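Presented below is the structure to which this report refers.
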Amino acid sequence: MPLFDITRYAQAAESIIDAGRFLYGRGWSPATSSNYSARIDAGHIAITVSGRHKGELGAGDVMVVDLSGQAVQSQCRSSAETRLHTVLYELFPDVGAVLHTHSVNATVLSRILPPQQSLQLQGYELQKAFPGHDTHEDTLVVPVFDNTQDIPQLAEQTKQWFRDHPDQPGYLIRGHGLYTWGRTMADCLRHVEAFEFLFECELATMRLRP
Amino acid sequence: MPLFDITRYAQAAESIIDAGRFLYGRGWSPATSSNYSARIDAGHIAITVSGRHKGELGAGDVMVVDLSGQAVQSQCRSSAETRLHTVLYELFPDVGAVLHTHSVNATVLSRILPPQQSLQLQGYELQKAFPGHDTHEDTLVVPVFDNTQDIPQLAEQTKQWFRDHPDQPGYLIRGHGLYTWGRTMADCLRHVEAFEFLFECELATMRLRP
Amino acid sequence: MPLFDITRYAQAAESIIDAGRFLYGRGWSPATSSNYSARIDAGHIAITVSGRHKGELGAGDVMVVDLSGQAVQSQCRSSAETRLHTVLYELFPDVGAVLHTHSVNATVLSRILPPQQSLQLQGYELQKAFPGHDTHEDTLVVPVFDNTQDIPQLAEQTKQWFRDHPDQPGYLIRGHGLYTWGRTMADCLRHVEAFEFLFECELATMRLRP
Amino acid sequence: MPLFDITRYAQAAESIIDAGRFLYGRGWSPATSSNYSARIDAGHIAITVSGRHKGELGAGDVMVVDLSGQAVQSQCRSSAETRLHTVLYELFPDVGAVLHTHSVNATVLSRILPPQQSLQLQGYELQKAFPGHDTHEDTLVVPVFDNTQDIPQLAEQTKQWFRDHPDQPGYLIRGHGLYTWGRTMADCLRHVEAFEFLFECELATMRLRP
């Protein structure tokens, strides 16, 4: 396997560190939860080391893995959920960043939905924050996968679902949080913000119309 | 058409950039939503370029349009909702700033209200934040327009409604957010704050008296 | 009437400016609402000028009034609610600061309580934040006065109630907000924090046990 | 009793001061509530002086006590709840920090639970923030003790409960707040964050499924 470009690694790591400061500050990555990645090239991504404080990421907290999830030039251990990231980079060549966050609203919403039921969002102007969604009249579908400690199996499930639904921009894991992605880290952060906004709207509405 | 004064443009742009930092920081302009404008003179306004991050606006993110919404001395594209701003500057010669924000509370409240029903606010001391509203015993009427991607038509609707109700200081678009205005940007920001306060109060009350 | 000491005025004004930055930052004084005062001596208080942005108070935004509410050495107009402050300084010689805040929770709670019913707080450890309240088993009584634009009359009502209940540390005005006081500005800010905490607890509990 | 090492005291105090700034900033230690401690050695801990503002702790606000709770080399008075800290250091030799916080959510949740009922958390990925909890399928048990001003008696109760349940990482006092601990201050802060996240999830869920 060819070596990766060090400058691209450094830039990917910097985008992850900055994203962490923002996401932790918003309360969406508490207590060392969450993991983030950014693409270096066709075969490598930068990804957070397991168990680090997401608001205080530093140079030593981002490592490199290949698309099979193996550490490259590193003794560190990447997140147990690394494979959930790499399947998305495999599936979508134009994806440049993947963020997994862990907010109260994503957690509560994913637990309150009946089993097998996806979250369907309709009539929100903010749906237009996602590429290919040009009107509030579209329906945004957010599948909810059951939580498991068997990550390879969950990775397969998500890979299959998004192969069939390439226009949908994210998913929830029950009691666990959100995965979303984008061409750039800025796009991906916009998607997190938009999802969190929509989750909060949905929960606020459910409280008024139980 | 006469040229506009550059210093007035620069000041208008600065007031918009500062407003963006504040409004994004409060969570009222997430995910590149919202658009803001400030009057330069009788025929020109400064307005945000389409699709920019509202908490990180810079010199290149504010452009000039005339009151028909056409870009002036610029290759940029202004917000798709530019016409919603310009009708207000046409209608009210003393309006100096218009802010469109996109909060969770404005979104939820505008979706929960029955069709054709405006939001009516009464008994709040904070109603006095709006000019011409001198007592909590007044009624503040906030019309809710249906969301649409046909902006010229919505612009006409709002123009007509506010021609008939010049003392009312803002409106909602369903699932989309708030429009409000003021003589100065400071006045306009006070109106956003007051509306957001009142929306939060209304929703909190509805949760207690469903 | 003897002149007041200028250094004491400057220190009182500084404590008010700092309090404003804190209280506005917490969202408890939005949209130029609220007013704050601090005692200079037996006959004078420093108090906010009417209608100023409470998060951006400066040297020109705090004036001096005597205990009848008349401006001293100033052309500014103090808050319309000045008399609500001065009756407390008259009544309690050891009061050094009075804060009136205007939070969503105080507003909603004061509107939801039935007419003539005070808010009664019991079983909260944080009741001990108020002097003379040494156990969570005490009952804290917070009277709720109807809002009015007739401030002298409301001032008399509050004066009478607190003459009879000198151990109670604050009151609500319906749809309007909180008044509380303390020996020092630090004490008074602690009381605001404690009240806001308790209001939030009460509302959260009501949402669970409607 | 041997003297304690001054450098270890200074480091423990620094970790407490930093923790206070963080916890107060999150709203979890309002109005001079809460108390924090960190171990110096087998026989001494650093602990906050009674009644101080937790967001503004300075060098004079942290003192030393031995494990019986007696002040060492100090005229200050430690928190009335000191004994709740020292029993944990006695019981668990590897505990390096204990934090007692006082959030709205902990207060409301502890009051809403029926007497004698502990809080049981299950199905949350974030349970893995606690050592020895490796899957969301575990059950986290958080006992709720009745509030009392008789601290020695409550200290005994907690000591007994945790002697029997050494794997459980915290407890609630009704209407009063959370106690949690960890090997290091960073671990302990992670536990506070995780508990606060879980409390917020539980309350949000109860509001949807009353």
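Which chain is which? They are A, B, C and D, in the order written, and residues in each are numbered from 1.
Rule of thumb we're sticking to: contacts are C-beta pairs under 8 Å (C-beta built on N, C-alpha and C of every residue); 3 or more make two chains touch, one makes a residue touch a chain.
Predicted, not measured: the structure shown is a model, and the values here were computed from it.
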| item | value |
| --- | --- |
| Chain copies touching (subunit B, subunit C) - same or different residues, decided at half shared | different |
| Distance between the centres, which are taken as Cα means, of subunit B and subunit A, whole angstrom | 32 |
| Approximate Å spacing (C-alpha centroids) for the pair subunit A, subunit C | 46 |
| Residues of subunit B touching at least two other chains | 207, 210 |
| Inter-chain touch pairs (all) | A-B, A-D, B-C, C-D |
| Subunit B-touching residues of subunit A, taken from the complex the two chains share | 123-126, 129, 134-136, 186, 190-191, 193-194, 196-197, 200-201, 204-205, 207-210 |
| Subunit A-facing residues of subunit B, complex | 30-33, 53, 102, 104-105, 107-108, 111-112, 147, 149, 173-177, 203, 206-207, 210 |
